[in-house]
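In the two assemblies presented below, chain A is common to both, partnered first by chain B and then by chain C.
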Partner chain A sequence: MDDVLLSVRNLHVHYPGDDGVSKAVDGVSFDVPRGGTLAIVGESGSGKSQTMYGLLGLVPQPPGRVFGDGAIFEGEDLLAMPEKRRRALRGDRIAMIFQDSMTALNPFLTVERQLTEVLEAHRGVARKAARAEALEMLRRVGIPDPEGRIDQYPHQFSGGMRQRVMIAMALLCRPALLVADEPTTALDVTIQAQILELLKTLQRQLGSSTILITHDLGVVAGTADRVAVMYAGRVVERGTVHEIFEAPRHPYTRGLLASVPRLDAQQKEQLVPIPGQPPDPSRLPSGCPFRARCPAARARCAEAYPETTRLGPGREVSCWAA
Partner chain B sequence: MLGGVNAEPLLEVEGLQVHFPVTRGWFLRRQVGAVRAVDGVSFSVRRGETLGLVGESGCGKSTTGRALLRLVPATGGSVRFLGDDLLSLEGEALRRRRRDIQMIFQDPYGSLDPRLTVADIVAEPLRAHGLGGPDLLERVKEILARCGMNPRYIRRYPHEFSGGQRQRVAIARALALRPAFVVCDEPVSALDVSIRAQVLNLLVDLQRELGLTYLFIAHDLAAVRHLSDRIAVMYLGKVVELAPAHELYERPAHPYTQALISAVPLPDPRAEATRQRIVLEGDVPSPLAPPPGCRFHPRCPLYKRLSAAQQARCRGDEPLLRVLDGGRQVACHFG
Partner chain C sequence: MNPALAIEEEVQGTSLWQDAWRRLRKNRMAVFSACVLAAMFLFVVAGPWVVPWSYEQQDLAYGAQGPSWQHWFGTDMHGRDLLVRTMHGGRISLLVGLLATAVSLTIGVVYGAISGYFGGKVDAILMRVVDVLYVIPFMFVVILFLVLFGRSLLLLFVALGAVSWLTMARIVRGQVMSLKNSEFVDAARAAGVGHAGIIFRHLVPNALGSIIVYATLTIPRVMLEEAFLSYLGLGVQAPDASWGLLVADGANSMIFLPHMLIFPGLLLTVTLFALNFLGDGLRDALDPRMKS
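After this line comes the complex of A and B, so read on.
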């Protein structure tokens, strides 16, 4: 498939613990469309961030263990390549932005130094030319007066502007894949709208692909082309954004959608919460980990993890009842 | 609309002001300015209703809630509650009044004492108000059960519970004294999506059962709309609009409210694809030196379309809340 930029199959990220192995990611598969956005949706502890750490080589091994059947990115397997190669890809062909720009940026370096460093390290661009490119990128991400601000330190920027600096840094080398881990969660809604708009525009201009990791279904609906829903370390359902929101098949996806209040609700609707709480990843129950909270649970759900049913190209669900 | 809303106001806030001094120098500390966190806020809350208070970080919504409970000192204005001015009460009178007004905080990890059992956490306010009689444990169990906590767990400590369960304990503690009025400050923001609905539903049920009146403070407009009868929108220390919840969404009058509503993402890809979003430029200015006239004018999409004479008015005159049809209030010269 040449419309797929990254294809991940059966990825695992395990951490040994005192009471057994904690399976943070337990056999995850998905495809990232070329020039499009895949959203990985899940709640805290679902393994959505760990999936990315595993792929990008950010899991310390040991104690962690990352393995799987492959993660093919531009013809290379991210899981099989030496660390040196992975490090060369990171920040160059694959870039990341995080929720917390204050910890992602170095507080002791000026914005200029942090941006030019990326170009020097990956592209061997001379400092002066790198500064010009950095200025251009700051302008593109909408920082007013880039010449006046490039020599400032991160703390001199507001939260929204710092997020823009981080995006500028990520996009400097024109990556093929941008991984955005809760990029707007710490921001106010009006600033969130600015940043999401910016990410969409830049993606269109640069032709890059995005993996958006988030818990916010509203952000997903407005940004993603394809969606993978994670629960307890597994992808329970995946499909196009329309399939997931308009014809969800997994009881967890349905439950999530029924439990969010909608601003555009015609009248006061009754929220239908999902009862209980997610399981501890180091003490996963037998069978399907969602069964204790699931309205459709049956005897079979306790026996084995549900097989993945293929409903169409890129459309899969893992549930005995679906 | 929730049942039992009475037109009689339980709480009346008039010109509330919370300014934090900014000082310089360590020896001769002199005040060089003030952060005008809350700068002349007025609203009333009727008995049995939920008033939502929304706005972005730094708009003063939490400080407003805290000032009502005297957790931060107000520097001006008045807060009338059942005939008392809460801001001037002292000593025993204040202590007695505090029973009627309670608060639920955002962070269920920080608001519960980790060294106390759940039973002691809920019993503490009862004991503090001299209600620690022989039936104390029964009362604690009852209120915990009402909040959806199994009374078997009352000897456990907060760290043994999930965020959602801790928030239930925090709610039980707030309700132990049977308050009339509860300030909920971002009560579900720290919780996971699937747990939020549990707690929101619990708050609605408790309101109905116990006849509570809520001030519901949150940045999540969808959650606020879900719970509130009326909503007040704050920007930089001021209320810019106050309207019944459905009207605020259907017909927002203030340009800031319009932008805020259009910025909230909807969990619906079709609606998202066709939506016209008003993207505001720039950041919220510092409350140390708010812009003159209307505080929103430097970012206001409407301002840009006005004539020079109209713009001069926005820059020179601070708009006051005026009443529109249907009792809506808006602080905008032209909105």
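After this line comes the complex of A and C, so read on.
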């Protein structure tokens, strides 16, 4: 990995509570290649979104606590910089797309206002110029008749069109890094494909990098270059898409892959779900948090969290059995 | 109908305000109240120009007479035409209601929104201040104000507004607290929008329903308070007039000159009722759960 845009080391997001600290993110490290796509994969509650919230400074502090050994983005440490600097980066150099465009767009503001607001915050451009830029971006994300639609409210758009508006909003300032938090989960399958295709095209045109947060391995296979698999607030395995899909090392990654239907599978092959539930982040068990659900669990797994084994450049796994 | 036209109309959709407006129009009581209020405004604003008397013009020869063709509402003890005095009093009363509500709206919304948005220590301190102010008998404060700084209409507006923002602040704070965890607030923050932009562009407009409703209900309350103060002799002073003052005058001579109480009292009552009904109607109309 010669050219890294964002390098996160040992990131934690903790929420102190009455019954102990809830460790939503507990020592996460990953790299985002410049111009490439990193997929962060995991179940609900594995800390995927919290990782990004922590990096972007969207975790309310207090009560939350965000700390780590660094998150170097274009030579600056996201964790050490003052909030003012982070706010200047947000929406400008790093932009985010949210899962549910129905709730992530303000129902009381027209699409025009939500788009121009971003430009006003970062570029200080006049409203009229901002409107022209917003129209151009709406056209680019494939919204038909942008002039007629820009003054409408979010609820007057369909789900797919709203997600396009979200994408336009995120790309207005040509960010170097785009964080897409489950961008297609709330959409129909046909629309999902369109949106993913659009994201890929725009990423190529603008030369930006993407962090794709998802629980959908099908989406990962089609879009990502590199993958980080998260479980209970930690990255358990990292590698290229090829490595993760063809030679998964962590039992959790294997479990995830076994629970996804594949076109090239034998007809009689059954989908195997992973038994049990992810642990409560405020009551993590000793040792490896996955051991209760793990087919390869052994005595050692209860004693200590597995050391991270480096298998190659950008290829790591944290498992005693791997 | 032309099918192309039909599609055109479908695409138009309805905005939140259009929805609210549609529901409000279905509420007969609210519509009727709005009409009554509009008529009342016209009456008190345009009336004095039409009536040939002025509110301070005395005609001692005609003093204290009941309704007649010349003086529809009769005259008071100083021979002033009660019709024009009622109109003039209405101007003052409505003005007090509107301006004091505007003052309470401004302070209450800003204060409540800041408190709710920042939460934590800021919220605790700001809300304890509100709690303490709640405990102080505010009529006493207004009376103190008016005695200390002398009676003036402007002071009356400010004093009434300044004591009636507390509930507004609490309402706005509650709304903002429940809204600030919405995803669109996260999205705005992720887009780099600052605190002021989030509070006043994203949160306050979303709380506007409750704000408008409470404001409509504040107007009649402030008008009543003004009437109360004038009744005590601390509000508006003759020859100026307000509905409260006219009612107070009327009450002093209600046995001999009932018309002096009936006319201003009736108008005040009707206006208060109309404002309350309109406020209720707006509350129902702006509640999206009422969508039927």
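Here is the rule we use: the second predicted complex is superposed on the first by the 315 of 322 C-alpha atoms of A that agree within 3 Å, B and C clash if a C-alpha of one lies under 4 Å from a C-alpha of the other, contacts with A are read in each partner's own complex, and residues count from 1 in each chain.
Quick note on the criterion: contacts are C-beta pairs under 8 Å (C-beta built on N, C-alpha and C of every residue); 3 or more make two chains touch, one makes a residue touch a chain.
Computed from a prediction, not measured in an experiment: that's the story for all the values here.
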Is A:V219 touching the first partner chain B, the second partner chain C, both, or neither of them?
first
Could you look at A:V317 and tell me whether it touches chain B, chain C, both or neither (first, second, both, neither)?
neither
Now for A:A232: first (chain B), second (chain C), both, or neither, which partner does it touch?
neither
In the superposed arrangement, which partner chain does A:L138 touch: chain B (first), chain C (second), both, or neither?
neither
First (chain B), second (chain C), both or neither: which does A:G160 touch?
first
Partner touching more residues of chain A, chain B vs chain C, is chain B
Just chain B (first), just chain C (second), both, or neither: which does A:G91 touch?
second
For A:F108, decide between first (touching chain B), second (touching chain C), both and neither.
second
Per the touch rule, the chain C residues reaching chain A in their complex are 11, 13, 15-16, 120, 182-184, 186-194, 197, 201-202, 205-206, 208
Residue set of chain B touching chain A in the complex reads 56-57, 162, 164-165, 192-198, 200-201, 219, 221-223, 225-226, 246, 249, 259-273, 275, 277, 279-284
The chain A residues in contact with chain B across the complex are 43-44, 144, 158, 160-161, 188-194, 196-197, 215-222, 241-242, 245-246, 255-265, 267-275, 277-278, 293
Contact footprint of chain C on chain A as seen in their complex:
53, 56, 58, 62, 87-92, 95-96, 98, 100, 103-109, 113, 117-118, 121-122, 152-153, 155-156, 166, 169-170
